[in-house]
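Please find the structures below.
Here chain A shows up in two complexes: once beside chain B, once beside chain C.
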Partner chain A sequence: MTTIPVIETKRLILRGWDIGDLDSFFALYEDRQYASYVSSVETRWQAFEKLAALIGHWHMRGFGRFSVREKSTGKLIGHCGGSQIDGNREHEMNYTFHPDIAGQGYASEAVISALRYFYTKCGWVTAVSEIHPENTRSIALAKRLGAAFETTRTKDGVGYQMWRHLSSEVLEKRFSEVGA
Partner chain B sequence: MTGITAEIPTIETKSLLMRGWEAADHEVFTANWKRPDWNEYIGGFRNRDDVWNLMCEANGSWSLQGFGFMAVTLKETGELIGMGGPICPGGWPEPEIGWSIFPNHQGQGFATEMATAALRFVYGELGWTTAISLIDARNGPSMRVATKLGASLERHSVPVTQFVADIWRHLPPEQFFKLHGKASS
Partner chain C sequence: MKVEFEIPTLETERLRLRGLTEADLDGFASIYADAENARFIGGVVSRHECWRKIVLMIGHWHLRGWGIFALESKADGQFIGYCGPWRPDSWQHDEIAYSLAPGQSGKGLAAEAARRAIRFAYESCGWSSAVSYVDAGNEASRRVAQKNGAHRDGSATILDDEIVEVWRYPSPEQFSALFPFRGSA
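Coming up: the complex of A and B.
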């Protein structure tokens, strides 16, 4: 049995998923250019499979992706959270947000809160994000989060950028007021 | 609020335990996906990352569809010996009971044992009223399993996403239970 926890921040709720989320989840990928950087979701069924995989990751590792909702409206605005395909690979923070919510600090609020959860509850000591080099929005977010560019890793001919997130201590110093 | 609980049931037979996928299954599962003698009727090779995603997807589909493809293990040793159970990904004609036992464990009746238990489960616990199995027309052993279960060939050569398969229709619940009993033996 796996329970996907709930994290409440000032303006957001991070929690698990159900089938009612599928349409708004699919809508996160409607900006095709942005979507091409973050996943292969093009159809509703691919969205279903992706969503299933995000939920199922919690069973595999005890951590995974949270849905991110605006508290005031309940609207799904994105998802963020951890993944780790192999035990010998690093913990990764992934995030995808709908373009419409840009500029309000929602994405930082969500990612910082999720990262804090993984540091304090899941034993993470460090975390990286792997970002498509043309995904300027995600790179900008990584910078706002204080992450540092580390290296480039080529996959399928694309040089993905590896960004290392702030450690737990520095994150708390710098962003103590953000999130919960 | 305490969070959303995602539960995956287990199905037990005389010698098998079917359960959700675990990270520890990754090695053995990946090794078997490399074997042409196992992957030929189930869509071909998958790399390590794809196999991981497949396991995650199968687990998560319990939360979204109320069922999902399961890991099949030997009860006595815990060894992973294949996959099977209820499945209905995009492009499937309707919900299926699938089974695929790794080459090293075939020929011992595990597929029949597993599929019988899975049908009991979807009919008895999930309320399914019918079920199919998609079987490659060259896959003799799987057709024999279907026949033992009481299924009959319904349609030849149906295109399903990336492959073509025959549709076998299982007995409806009442007839199935009459033939195989309600309880696991």
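Coming up: the complex of A and C.
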């Protein structure tokens, strides 16, 4: 079984999950509008299924979603990491953060650190994020991360935006101080 | 925090119970592609959704310490179905789940696998009781539970509003007396 690594940044810890995380994981989706952009989680049992699937993904692909916790409080504030359900598609960076933590730079700190990990340890050469067009918070985060809008991909009548993240070299140049 | 787990490999007379892998996707998807077969396990779902079900089942091992095994034929390695101890969030009991690929029913394979899974749950997972959930009308599944000594013990509501029959297996002591362990069988 793949061990989910632990990454420590200035203010955050990115690591795996256990069953005790279920309630705070479910709470990430309590803003229904935001939740509808990033998942289909509406109930606690759906949260369990999603959490289990995120963990199983690590086993299947060797990379996956990290839990993101605030170092000072230990509180789960979101999750971010790699996703590739269809092995023929590109590596995707996904991220979900609780609305309450907005404005502190936590999300960029976490996503940059996770992306750096996948570039250096998992052999990723590029990464995209697929974002619901009305998910303005995630689009704003993609921009802050230096990602470039690439194209629109329609799925179930929704035109998802594809954003391409910075390459490993540019990421290191631009964000060398972020993270570790 | 437990971040590692190993899915053991178990054997019965005809089956190997092992961890699910991506190579099982075709066989797994065949279970959910067949309308008659999928009728009692939530209905027909896409291959994409099956991939998600497989990773969910693997992640369940991490969250609970036990979970679903792939069943493969010892004779030729063919994917036969899945079975194992199972407790998603809305479940009211520790359950033994089982489902076979189309064409595999009627040979006693589900009962054989479930018997091994019950023993695993009792001996290795600390369970003191075990049930299987059976959809009303799923006569084949009910027979599988009965073959392993289960009796009807009311109903349970799972997911949001789905009512299933609860079939309770004998206690660990009764179970090991009923089905004494003989080598790998």
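Basically, the second predicted complex is superposed on the first by the 180 of 180 C-alpha atoms of A that agree within 3 Å, B and C clash if a C-alpha of one lies under 4 Å from a C-alpha of the other, contacts with A are read in each partner's own complex, and residues count from 1 in each chain.
What we mean here is this: a contact is a pair of C-beta atoms (placed from the backbone, for glycine too) under 8 Å apart; a residue touches a chain by one contact, two chains touch by 3 or more.
Remember, predicted model here, so these are calculated numbers, not experimental data.
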Does the chain A-based superposition show chain B and chain C clashing or fitting? clash
For A:Ala148, select first, second, both or neither according to whether it touches chain B, chain C, the two together, or no partner. neither
Just chain B (first), just chain C (second), both, or neither: which does A:Ile19 touch? both
Applying the document's definition of touch, where does A:Ala140 land relative to chain B and chain C: first, second, both, or neither? neither
With both complexes superposed on chain A, which partner does A:Phe48 reach: first (chain B), second (chain C), both or neither? both
Common interface residues of chain A with chain B and chain C? 1, 3-4, 15-19, 22, 43-45, 48-49, 51-57, 59-60, 85-87
Listed in rising order, chain B residues that touch chain A in their complex are 1-8, 20-23, 26, 48-49, 52-53, 55-61, 63-65, 68, 89-91
Partner chain A, residues of chain C touching it in the complex: 1-7, 21-22, 48, 51-52, 54-60, 62-64, 88-90, 159-160
Parts of chain A lying in touch with chain B, wherever the complex brings them together: 1-6, 8, 15-19, 22, 43-46, 48-49, 51-61, 85-87
Would you tell me which residues of chain A are touching chain C in their complex? 1, 3-4, 15-19, 22, 43-45, 47-49, 51-57, 59-60, 85-87
